[in-house]
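Two complexes are shown next, each including chain A; its partner changes from chain B in the first to chain C in the second.
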Partner chain A sequence: MLKILIPTVMLVVTTWNVRAKWLWPATLTHSLLISMLSLTWFAHTSETGWKSLNSYMATDLISTPLLVLSCWLLPIMILASQNHLSQEPANRQRTYISLLISLQIFLILAFSSTEIVLFFLMFEATLIPTLMIITRWGSQAERLNAGTYFLFYTLAGSLPLLVSILYIQTCAGTTSLLILHYAPALPMTSFADKLLWAGCLLAFLVKMPLYGIHLWLPKAHVEAPIAGSMVLAAVLLKLGGYGMMRIMVILEPLTKELCYPFIILALWGVIMTGSICLRQTDLKSLIAYSSVGHMGLVAAAILIQTPWSFTGALILMIAHGLTSSALFCLANTNYERTHSRTMLLARGLQAIFPLMASWWFLASLANLALPPLPNLMGELMIVTSLFNWSWFTLLLTGAGTLITAGYSLYMFLMTQRGPLPVHILGLEPSHSREHLLLTLHLLPLLLLIMKPELIWGWAI
Partner chain B sequence: MNPYVLAILLFGLGLGTTITFASSHLTTAWMGLEINTLAILPLMAQHHHPRAVEATTKYFLTQATAAAMLLFATTTNAWITGQWDIQQITHPLPMTMLPLALALKIGLAPLHAWLPEVLQGLDLTTGLILSTWQKLAPFALLLQIPPHNPNMLIILGLTSTLVGGWGGLNQTQLRKILAISSIAHLGWMILVLQFSPSLTLLTLILYFAMTFSTFVVFKINKSTNINSLATSWAKTPALTAIIPLVLLSLGGLPPLSGFMPKWLILQELVAQGLLPTATITAFSALFSLYFYLRLSYAMTLTISPNTPMGLTPWRLHTHQSTLPLAVCTMTTIALLPLTPLSITLFTP
Partner chain C sequence: MADYKEAPLATRPRTLDPNDYFNLSQEKRRADEERAALRANLKRQYLTQLNNPSRTELIEDPALTRWVYARANPFPHFRPTFKTSLLGIVFGVVPLVTLYYIFKTDRDRKEAQIKAGTRDRKFNLAY
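Then we have the complex of A and B:
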């Protein structure tokens, strides 16, 4: 564990000490090396389920895929930010990269923590670098409002979580996951225990986000620069899912009755956000709302707590992380050329960017969950387990899948197909950096078709 | 100010607090508080500006009232119990009056109305002394008085945190914002006073570090309202980059050290079974966070190449020694991993 964490911390030192000419190559190479090292976490040979165990950190079958995804994300964030930061002075570039690396450190500590309090601390700690990235390096005036929404929605959910965690510590004597998962259940009989249940889960539901409390997400995703959108979509939303998976074990047996309104909200959110996507004019906003829809499925799956649903949720989290980040990168290639996110202004781009169009094609297919991609595996397992829980959900999930396919196709056709608008006189050709960026997103997704056991979580 | 007069006044300030710290007799403690009040009055009025004189007068009247109430509670206790020891106060009347008198002295809600107006009339250095040094002596007394009415302290604390949140939402003057943040932090300190006085002391010391950093940064920028913060990137770029962390630490965000007292206080409240209190207090911190966030937006997160908020000022040399600022800033940002050490340091 420290083999990865300490090099990541030292990467901040590297950022501030290399010459300005070598800043981007050096940080990219070193973060790629660290992410290669992180792949060793996939070797699961432990009998207890926990691996690389020390007093504060360990990896588990469900935290490993998310950890590897976080480590993988740092080099591609650095790759994606290179162009739009090239105009800034060197110290600002270093500050930006340090913010990305500090996010990485907090994420590694969050996903590998064995104490719930440490997880909470790191969960909250990711807010500050993300806030700085959104409000300082975003491009429109609305970014301040986006930062405020982001910070206060998440904090309003996580303050009851803090009180609930401290209450669990007072009652059970510990907040260590190693103990709590096997400890006798807390007596949960009064109304206050229902509030405890809600307090524990609200923070993660806001983070996922659940449909009714999702307003921060379109703002934050749209206003953030590309690295901010990538890390938000790929990993920070999954913090909510991971937290829910960890803490729901302690909250039995209240979940059987109390989960109903949240499952309904989540599934209704799939349909609603899908319909909103069909009416969007802003490309990043479309991808942001599609994130809400996919994570609604994940939220519903985690709330019903069956083996297939947990596995499906984890697969969908990883696959959606890669897909959504790829879509944001593609939208950013448009934005860097036209400085506009309006879909109408950049259409028919297949005529001038053919290879980029094939990446758009692959990413859109992944978004609509085409077999044999892992997106389908996750969605199918979730839909099946929800059907087993209640046949009625099939109406919602089926319609949701249909609408998802609809807006993914809409997005692809709007941006790539059709005639090139007459006002597009000249756009910069695609950089190899951009092709590399998308390959690094889509290649792991395709390779996961071969070995999905890596992201199955506890179902192995 | 004449350096000899300044020396006498600062010595008086130090003497007053030390007398209160070292006293076990209530009259000696009261004497120390009075010396503090009298010593700071000329410092507050030194600029002879009408606003400063008004602030001095308001400060004098409120502190004199509080001192009179304290003296009354002391003599009542001496009359009823026959002794003057601070830690042996047993009768309910002085046990209720003393915390209220001290609450008026430090500016806890609902006895807080004087603090924003007084701080607004002062220059930043005297304001710093008022916010930090003048709180030490009353807290020395508060920490020693055995608590009688648990509900009173909790109501004082809750009201203060809520006033500290709502009061600052409409402010643009920095000194009023700092006064209101002082009320909020004092509320947190009072909440846990009866359960764990060492946590109160820890919160107080950390609050000193955070407030010191903020006041000194405002002094370096010579700014007294939010608009004038917008040019600090031209004066001190490195400090401008660090200030959002200091302000968010004041707001209590992890992983900064401002989260430490809030976390430990919430833990103590939950352990005592006061979960609704803990939740309301935690939410009140969100209100304060809003105006700290607004300050960090104005100062750092809107600098160029975005549209600049003001004209670039002259970069004149400031005669501010920065070593204390560096120490306090690092304490404000990086102390959270040392939480166990901090708890041990303050536990008797």
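Then we have the complex of A and C:
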């Protein structure tokens, strides 16, 4: 654990001490080395399930994929931000990179924490760098509104979580995940216990987001700069999923009665957000709503708590993280050239950017869960386990898959096929940096087809 | 114009309507010329930007900007009317309530069958 944390903290020192000319290559190399080191977490040899154990942090089979994803994301974020920050003075660039690194540190601590209190602290702490990134470096005036929605939705959801954690501490005597999973079930019969159940889950449901409380997500994703969008879509949403997975164990047996509204909201949200996507004119907004849909499937899967559904949820979280981040990078390549997110303005790009069109194609196919990509593995496991839970979910998940395919193809056809607008001039050719960025997103996704054991948690 | 005859099932287009050709009133002509002047001004602005050799960015279309903004921000103009309330109920309330009913009855029936021992459970609970 320390071999990752200490280099990440020292990355801040690197950021502030290299010469301005070497800032981006140095931070990129350093963060890439850290992500290579983080791959060692995949070697699970212990029998207890927890590895790299120290007093407060450990990795196990569901936190490892998420940890490696967040470590992998830092070099990619640095690579993606290089262009739009090139105009700024060096110290501001360093500040931006330090914000990304602090986000990374909080995420590593969050995913590897064994105490629920530490997880909660880091869960909240990730809000601050993200808020700074969105409100300071976003491009439109709506970013202030977006930052407010983002901050206050998450804070409002997590105040009940704080109270619930403190209650669990007094009631069970500990908040360590190592112990709580073996503790006897808390007696949960009164209305106050139902409030405890809701309080524990609400913060994570807001973060996931669940369909009814998802309003912060399109705003935050659209207004954030590229690194902010990437980290939001790829990792911060998964914090909600991971938190839910950890805390569900304590909340039995109430979950069997109380989960229905949330599963229904999540599944109906898949269809509703898919339909909204079909009507979108703003490219980033389309990708943001597709995130809501995919995370709705994950939320429903976590709420039904079977081994296959947890596996499906975990695989879909990782696959969606990589895919969504890739799509945001592609949208950003459009935005950097036309300075507009409207899909109508940048059509027919296949004629001028053929290699970028092939990345668009792969990313759109990944988004619609094409076999043999892990997106399909996750979705299929979730759909199957939901079908086992109740046959009628198949109507919703099936229709959802259909609509997802519809809007993914719509996005691809709108941006790549069709007539080129006549008045567009001066579109820069694709940089190798952008091709590298997308390769780094899509290559892990393709490699995971070969070895899904890395990301499927305990099951099977 | 003199010997234009419409096709049997077609309507005469407005530009070939004899009322619009002959006996034009002065106000109508003035209004038409004003509109043509505005259109020509807009076209000249667009063509200046289009043919500017040192232009590198997109030509901004204010109508497109307004349209995109309107598509993205409907809420300030939202008014609860019969139609919007009906849409909200049909897509927001009815599905959630029906799905709750469907899932609850299905799961309760399954649970009752399990408790009575009539359900054929082929797979193990613990693996």
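Throughout what follows, the second predicted complex is superposed on the first by the 459 of 460 C-alpha atoms of A that agree within 3 Å, B and C clash if a C-alpha of one lies under 4 Å from a C-alpha of the other, contacts with A are read in each partner's own complex, and residues count from 1 in each chain.
The rule is simple: contacts are C-beta pairs under 8 Å (C-beta built on N, C-alpha and C of every residue); 3 or more make two chains touch, one makes a residue touch a chain.
All of these numbers come straight from a predicted model, not from anything done at the bench.
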Looking at the combined model built on chain A, do chain B and chain C fit side by side or clash?
fit
Applying the touch criterion given at the start, work out whether A:417 contacts chain B, chain C, both or neither, answering first, second, both or neither.
neither
Identify the partner contact of A:285: answer first if only chain B is touched, second if only chain C is, both if each is, neither if none is.
second
Rounded in steps of 10, the angle in degrees at the Cα centre of chain A between chain B and chain C is 100
Report for A:121: first if it touches chain B alone, second if chain C alone, otherwise both or neither.
first
Going by the contact rule set out at the top, does A:136 touch chain B (first), chain C (second), both, or neither?
first
Mind working out whether A:194 is in touch with chain B, chain C, both or neither, as first, second, both or neither?
neither
Figure out whether A:151 sits in contact with chain B (first) or chain C (second), or with both, or with neither.
first
Touching A:88 in the superposition: chain B (first), chain C (second), both, neither?
first
Based on the superposed arrangement, let me know which partner A:51 touches: chain B (first), chain C (second), both, or neither?
neither
Mind working out whether A:425 is in touch with chain B, chain C, both or neither, as first, second, both or neither?
second
Min C-alpha distance chain B to chain C after superposition on A, in Å, is 19
Can you name the residues of chain B that touch chain A in the complex?
241, 244-245, 248, 253-256, 259, 263, 266-267, 270-271, 275, 278-279, 282-283, 285-286, 289-290, 293, 297, 300-303, 305, 336
Spell out the part of chain A that touches chain C in their complex, as residue ranges.
260-261, 263-265, 267-268, 272, 281-282, 285, 307, 338-340, 342, 344-345, 389-393, 396, 423-426
Considering the complex alone, what residue numbers of chain A touch chain B?
87-88, 95, 106, 120-122, 124-125, 127-128, 132, 135-136, 144, 147-148, 151-152, 155-156, 159-160, 162-163, 166-167, 169-170, 192, 199
Show me the residue ranges of chain C that touch chain A in the complex, using the header's touch definition.
49-50, 55-59, 64, 67-68, 71-72, 91, 95-96, 99-100, 102-104, 106-107, 110, 127
